[in-house]
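Listed after this line are the structures, all set down as structure tokens.
In what comes next, chain A is part of two complexes: it sits with chain B in the first one and with chain C in the second one.
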Partner chain A sequence: MGGYFSDIFNGSKSLLIGMGITFREFFKPIVTVQYPYQTIKMSARFRGHIELIADEEGKPKCVSCGMCERACPSGCITLGSVSVEIEVDGKMKKKKVLSKYDLDFTKCSLCGQCVENCNFGAIEFSKEYNLASSNKEDFHFNLLKRLEERNV
Partner chain B sequence: MSLTVLNVIVAVVIAIGFAALNAAYLVWAERRGAARIQRRPGPNINGPFGLLQPPLDGIKLMTKQIMIPGGADKILFMVAPVLAMAPAILSFVTIPFSETIVAHNMDIGLLMIFAFASMGALAVLFAGWGSRNKYSVMASVRAVSQNVSYEIPMLITAITVVMITGSMDLKVITNAQAGGFWHWNIFPSLHSPLMPLSFILFFICSLAETNRAPFDLGEAESELVAGFHTEYGSMGFGLFFMGEYANIVIGASLTTILFLGGWDCPFGLFPGVWWFLLKIYLLIATFIWIRWTFPRTTIYGLLNLSWKILIPLSLFNLLLTAGLLKVF
Partner chain C sequence: MSAPIQLQPGETFILNVGPQHPATHGVLRVKMEMDGEYIVKAETVLGYVHRMHEKMGENRTYAQYLPNLSRLDYLGALGYTHGHVLLIERAAGIEVPERAEYIRAITVELNRLASHLFWFGCYVMDLGGFSPLMYALEDREYILDMLEAVTGARLTYCYYRFGGLYNDVDDDFIEAANRFIPRMRKSLKKYAALVTGNIIFQKRLEGIGHISAEMCRKYGATGAVARGSGIDFDVRKNEPYSVYPEFDFDIPVYHECDSMARFKVRMDEMEQSLRIIEQGLAKLPGGPIMAEKKPKNIKLPVGDFYQAVETARGSFGIRIVSDGDKNAYRLKLRSPTYSNMHLFDEACEGMMIMDALAFMGSLDLVIPEIDR
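So, the complex of A and B:
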């Protein structure tokens, strides 16, 4: 019989403690992020799809060596370059210039081999994560175009 | 005669309006309250503070097609939601909101409300049986066993109050508590030293009667999909939902009348209907607070609580009150 009443007492006490906790929580500020209206800053090590890095003039740092293309295990990167003659110190010199940098993000596993293998620090992971789409073509990125758009 | 008929019609229309408005906005209050407790904002997109959410939900429910599962008992399936809502609205007719605001005061008002309240269990049983769904049947069996076992302590506690007052007329019960909050039934008096206890018993029972968490075994989303209204969509579901919230309002009103002095104002200040409304909404806020604090009980825990704790305690309280009333 003693156990009966102490059970009731302890049970009621624990219920009141629980209600006290929710009462206090009620007046605390909201902690959730209102997603479409607010977004959180991604951490430094977050891996989105890759993105070209621009130099001081806004041109891609990339020298079209193609190391990333070769390093990619899934073959998602397609590079293209053209030779152009530019004047350096009064002499005409041939130089490779990036003309195309396509990323097929449908195959990418975000392993990071391309970024690791780049000797010129020309590519990085973007912090983009709002990438949902029902259209496959939306995941074929033209990174050169994206870079131009970013510069504007 | 015609005046009384008109009176009743007006009263029923007002009761339906009050029940529907309360049901709609208590859902909103419940969602906002739950959100605050879980530290999120809750519905806040439609209108200021999400206040347009309930009418939009209503429109959504009303425009949906009524689906009746194959092999279901059509009549029971269609009757059940109506049966869930109708008693709730009918009970409003006899609840006195103030000295003058009462549709039809009856000298057996308390008995009438309990009679209608027990019809709610029938609606749950019809819905579960008529749906031809295992989950629904299981949920309705649970809900009915729960309603039956919680009605007993609830009635015994109500009888205690009736013995003290000597009437089942809700107006008489309220008037007996008039004149300052120390006259309210919740506070112990010479005749009934255990009144705070019976208030708590009654409150727990009214929580269980409305099938709400932590006693929502009739719904039990995590075990039984959606319980007895698994197969209901559109306004069938809407009626069950409104019925649940209307029952909450009735439970809170009844608790207010029996224990908190009805429309009686605590210090004799500003007498009027708002004291009644303030008290019931405070009780409803507590309902919501409790729902979002405690997890669901098991069916054994639930029945044990009723048969081993609530019924013995309420019986003891009844006998003690009867004895003290005889002595003093």
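So, the complex of A and C:
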């Protein structure tokens, strides 16, 4: 019988303690960000989808070696290149030039192996995260076109 | 108008819980044969999120398989990647710098804390309390921010590499972690007063969901489920790996075998994780974070390799049978929740349905990890 009454007493006390805690928490400042009115800056290492990096002339740094394509676990990168003759020091030399760099973001798992395997520092992570769409085609990125658009 | 259906005495009916039910925390389906409010027989049905992770491991190179492992258990992802890299490093004979191993231990423990915090919040919400979830998520947010700054992702990290790490930690991380530890200790006290001491919470968990040590052995249960049944087993202590032998920490064990015991084990584990993080930050050596001698394309020697690690949910094992190629001949993942969950069928016989759901929460199930 004593257990019954002590249970009532201790139980009510525990409820009051809990209420005290929630009451104090109630007056603490709001910690949530009011998205989409407020946004936070992504951290420097945030891994978004990839983007090509341009050199001084605005051309992609990529030499189309295909390391990223091979490293990708999901096979979401497709590269294309054409051979063009350019003049270097008065001589005509053949050089591979990137003609296509497609990213199928629907398959990408954002592991970052492509960036890590790139020996020329030609790709980087985008900080873009507002990528919602109901159209699948919106996630097939033509990175060369995106680079040109950024240059303009 | 049809007459209401009358059950005959002794007649049972089937209640289908899930696969889309908030209390199962994922796509788990439980077929329950009910006698009124009492469960006569329960049958868990799996396979709704089966993604063939084991088969993928056999078709990809070892490095390409890295992102898969954080998709097993999205709440405690780093522990699973840790097991994989440890196994490959041991099999291929790669020496890991000490700094890298320390950072691995610190980040794994942070991730364990984040996982336990999320479980704690959701578990109390299962039982009808909403505020603790918000407080737990606020604390968890600090951990996710820290890990995001270091790894670049919030859930599916893919941070460890064979022979080291993807990125080094910076001073900001160490400062943030040092600031977080006292804050978390204060929060744990708050949770103890708000939830553990709460009479309604206690009455709903004490003596409910009895799992004997014998049953744990029978089903191969590990982690907090086994430690709540008096089995003093933790891979970090019993089969030490990484730098864990250099840390001073205890393994909480409770002998009550009920849901409350499992709850207390996890709450105590959070405190122990904080101790490990504190020691790790104090001892953190300098130096490189990547092994110097590392083959470009990793091929394992012919053989059979196994590595167990203690994740937030229990003992996770990864076994690779290699035929000397650049991908595994057979890859087997031993997931802790798969074993822990199978207790449910036997343990909940004769239980009332709301007790059974309170009991299920104490097992800390993450369904994508069961189905793999």
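To be clear about the criterion, the second predicted complex is superposed on the first by the 111 of 152 C-alpha atoms of A that agree within 3 Å, B and C clash if a C-alpha of one lies under 4 Å from a C-alpha of the other, contacts with A are read in each partner's own complex, and residues count from 1 in each chain.
The criterion applied here is as follows: a residue touches a chain if its C-beta (ideal position, glycine included) is under 8 Å from a C-beta of that chain, and two chains touch if they have at least 3 such contacts.
These figures come from a predicted structure and were not determined experimentally.
When the two structures are aligned on the shared chain, A:Ser109 is found in touch with chain C, with no touch to chain B. In the superposition on chain A, contact of A:Arg47 is made with chain C only, not with chain B. Once the two complexes are laid over each other on the shared chain, residue contacts for A:Phe125 go to chain C alone; chain B is not touched. In the superposed pair of complexes, A:Ile86 makes contact with neither chain B nor chain C. Touch criterion met: A:Thr22 reaches chain B and chain C at once. In the superposition on chain A, contact is made by A:Gln34 with chain B only, not with chain C. Of the two partner chains, chain C is the only one that A:Ser14 touches; chain B does not reach it. Between chain B and chain C, the partner in contact with more residues of chain A is C. In the superposition on chain A, the residues of chain A contacting both chain B and chain C are 15, 18, 21-22, 25, 31.
Against chain B, the residues of chain A that register as touching in their complex are 4, 8, 15, 18-19, 21-23, 25-26, 28-32, 34. Those residues of chain A that touch chain C in the complex are listed here as 7, 10-12, 14-15, 17-18, 21-22, 25, 31, 43-47, 71-73, 109-113, 116, 125. Residues 60, 63-68, 71, 131, 135, 138, 141, 145, 148-153, 156, 158, 166-167, 190, 193-195, 197-200 of chain C touch chain A in their complex. Within the complex formed with chain A, the residues of chain B that make contact are 33, 36-41, 289-290, 292-294, 308-309.
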